[in-house]
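Labels run A, B, C and D following the written order; every chain starts at residue 1.
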């Protein structure tokens, strides 16, 4: 798919919890095809503190309405500025970027997300479902005040929750969830996105259980489309660009 | 009609706009966004004698109106360039200029010799100013006798246009400009990145794995303009100016300061089609201000 | 309770926050906006042997995340300082440190000798790094033997705390840091401004009357942090860090890199009460991060 | 008067002509006393291109309503950004800054302004009128499309106009106006603000006619309150700060 630099119109900006919000963007022209795991580079206007674009995964897409949703956590200068977006504002994005999750020959998949890392898993779950693959979501959050809109996920599969304090779902991290302990039988693929420690632990678990696993990694990016080599991940194939050869990697290939 | 062609050594650039090494990949990374054939030249990624993994992650930190990088010359080496990349890019209508990097004079010479054999590589840019490698790199660019020696040695090995890229991390840029001119350079390009640090006050650690990195982007423009201007008054060979160029106005400022051509680096990351806009902006400026030849801008600063 | 006091040579600053020379007038220009007595020190405007008119207008150009100035040490001379300004400011509760500038070693010595007589001037800052005067100034700061000579000469004439302010326009900052330490400096402050140019593409003229000027503000912070860090690893005397500090986080970064105290320059123009906010922010950071002594931040960068 | 750093609320932003607009700002607290000729330093938010504040003269003030008006010409990055201000937005200013026009013992004054330089003359005219001094405004503009709201000026005195193309008022510069040729008798003071060439010519005229003259100068400022020495004007007393010893200078003291 050809990459584009395109202006979108913000049509909605809804606060999801104290730190997360969902931007809904509309395109005047037919959207480029998006795959689950891909991302966009957003230009942040209206502040003196941001020079480079910010990478954000696709959370959802509607080709008919020509809209894209992004789930964003306010962590710093750029995401704070983006949070101020109002319906009618323009947002410039380079998209679609990166590779995507693969699901050839899969029947039943476990999608393990932590915090804002759940973002690409919604679109993945949706696409899996359309491909007759049954997704189960195992999502971890700090506490109930940091939850995202779980109903969106439940449209596509069963949702299991953990929170650090047990304020909703089971207490602990995703790795502590009872279904993990009960063996993960039946799953032929695990997908994960979230804090690096979590993904590393999930990768280890998958290895132990002999289940294929893909992780969507983060990195600091300058370009997002392969030109600068700022975003590399050490892998068994050498330093690879998270923005081109990733963000999705087979966890067996990652040197954490 | 405005004449946009400029002469760099024996080489004619069809226009003064080119893209900076390390910021434009091998050109094809940008082909979705623009017609790379419209550029005067493409300076491809720093190329070394053999494969380099570059530095560990993290390699990038945003700073006020700038960024630090410590990529560290990650590339697969000159042989890989020749066999795998050159065939893809050799027929671009823009000059392909290879940025030659190394740790030793022998390495610079070896890479240059190999590139000398390639028909469609009309020039190299000798990177004696990379701040992100432990050995070589900036050492050659901050120690005048070394700069002379490496330039002389490569001059013998490379018969086509030789551009030497200077480091801004020096007391007297004109000294280096004159030194490499004397050592046989056909042109100089400047500036490479300024050495800097970014610190995360929360973790109390440097942001980059290498502690220090190279500062680029708009923040460095005043320093870059000053160095181009100083170099312009020190040497006769043409100067290729860069450092923080974000738009046509910036590019024109560099030409007024003395640059015959310009390179765009960091700006490509923010707007991948910026170089075409700069090209069109320069042409528009000439038209509006009655310059029939872009060369008339070079060094035209009234002081 | 957090201990905020830091030691610079024989002098105790009640806190590490001070304001940079040339950016804070004589302190009273800010009295409408803040209580200047809360600062650790006030570095007053560069003072020379006799009256200087400074450079012609225009003296200022805004640049990306920075500004260029070419004030050129406008001041009425040390005698005027002693008779007219000193009486007004001598009873501030913050240390008054005079920035001593000159064109010749004799001038530096003369000014320092006169200031040595003033009870309430516990320290001077030797400005060997002003880029905006034709003679002297930066020459002393970019030529190591000159830096040594002027520091030695002033050391003999000035018996109290001697701070030497270094120029960033050099290849090796640690060389200068070590040189002035050896020559008797009790402390070094860095960085002064980077030499730069701004050009007006419409008029095709430099923006500043002097063509070049000194770059300050957030743009230079990565370079300043790097130099502070390099100097910290080169000398034992305390370092006063500055260059682009806009808020407490920036100030903490300088301390982590090795600065015992910091100065705020350009930021005062944008928010005239910024120094108090920085002071309070540093204290808050220490409290939140379990530092009972601000000195524990100094050089605490984990590399 | 003590200088302050204060947030104001924009209550109106009206386009005056293709390049000029008037911002009306309201204060929550009693305004500091303003004098004609003084100015404020405006912080420009919401753009990455501006670091320093921008100096703008007081155009009008209403102590009861606690409002200040500014007449601003869009010339570059900062004034372009300020032009986007919407009612309800905040604007941070340092004020009041600089000296002011003096009018002790004056009976009849001529206020000569060019372009956006007319700004401080409105407030001056108003204050003169309140002090029983009769102001006559002689205002020059490029053409009728660059006019400001003349009715505001007419409240305080007679208004004479010139435009470069004669599209309104007399054709030519203010110096070409018939009343200048007819001798300026009766005026015991001239005040001027506008492009430097105009002010210089006005100063020369005043000298020839033996009339006292004050000019409000521009300069590039970093601080605006006397700390940086960036804004000096050469005068017979040496280099003086336009932001403290100015912006108003007796034209006999200026070395142009």
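Going forward, contacts are C-beta pairs under 8 Å (C-beta built on N, C-alpha and C of every residue); 3 or more make two chains touch, one makes a residue touch a chain.
The model shown is predicted, which means the values in this text are computed figures rather than measured ones.
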item: Lowest number of touching-chain links that must be crossed from subunit A to subunit C; value: 2
item: Between subunit B and subunit D, centroid-to-centroid distance (C-alpha), Å; value: 47
item: Where subunit C and subunit D are represented by their mean Cα positions, the distance between them in whole Å; value: 36
item: Interchain centroid distance [CA atoms averaged], subunit A/subunit D, Å; value: 55
item: Distance from subunit C to subunit B - Cα centre to Cα centre, in angstrom; value: 34
item: Junction residues of subunit B - those touching two or more other chains; value: 64-66, 217-218
item: Multi-partner residues of subunit A (at least 2 other chains); value: 48-51
item: Pairwise touch network: line, ring, star, complete, or other; value: ring
item: Pairs of chains satisfying the touch condition; value: A-B, A-D, B-C, C-D
item: Residue ranges of subunit D in contact with subunit C within the complex; value: 2-5, 43, 48-53, 94, 219-234, 238-239
item: Contact set on subunit C toward subunit D in their complex; value: 22-25, 29-30, 32-33, 45, 53-54, 56-62, 64-67, 69, 71, 74, 217-218, 266, 268-273
item: Residues of subunit A touching subunit D in the complex; value: 46-51
item: Subunit B contact footprint on subunit C (complex, rising order); value: 63-66, 68, 142, 169-172, 194-199, 201, 203-206, 211-212, 215, 217-223, 225-226, 229, 244, 249, 252-253, 256-257, 285, 300-303
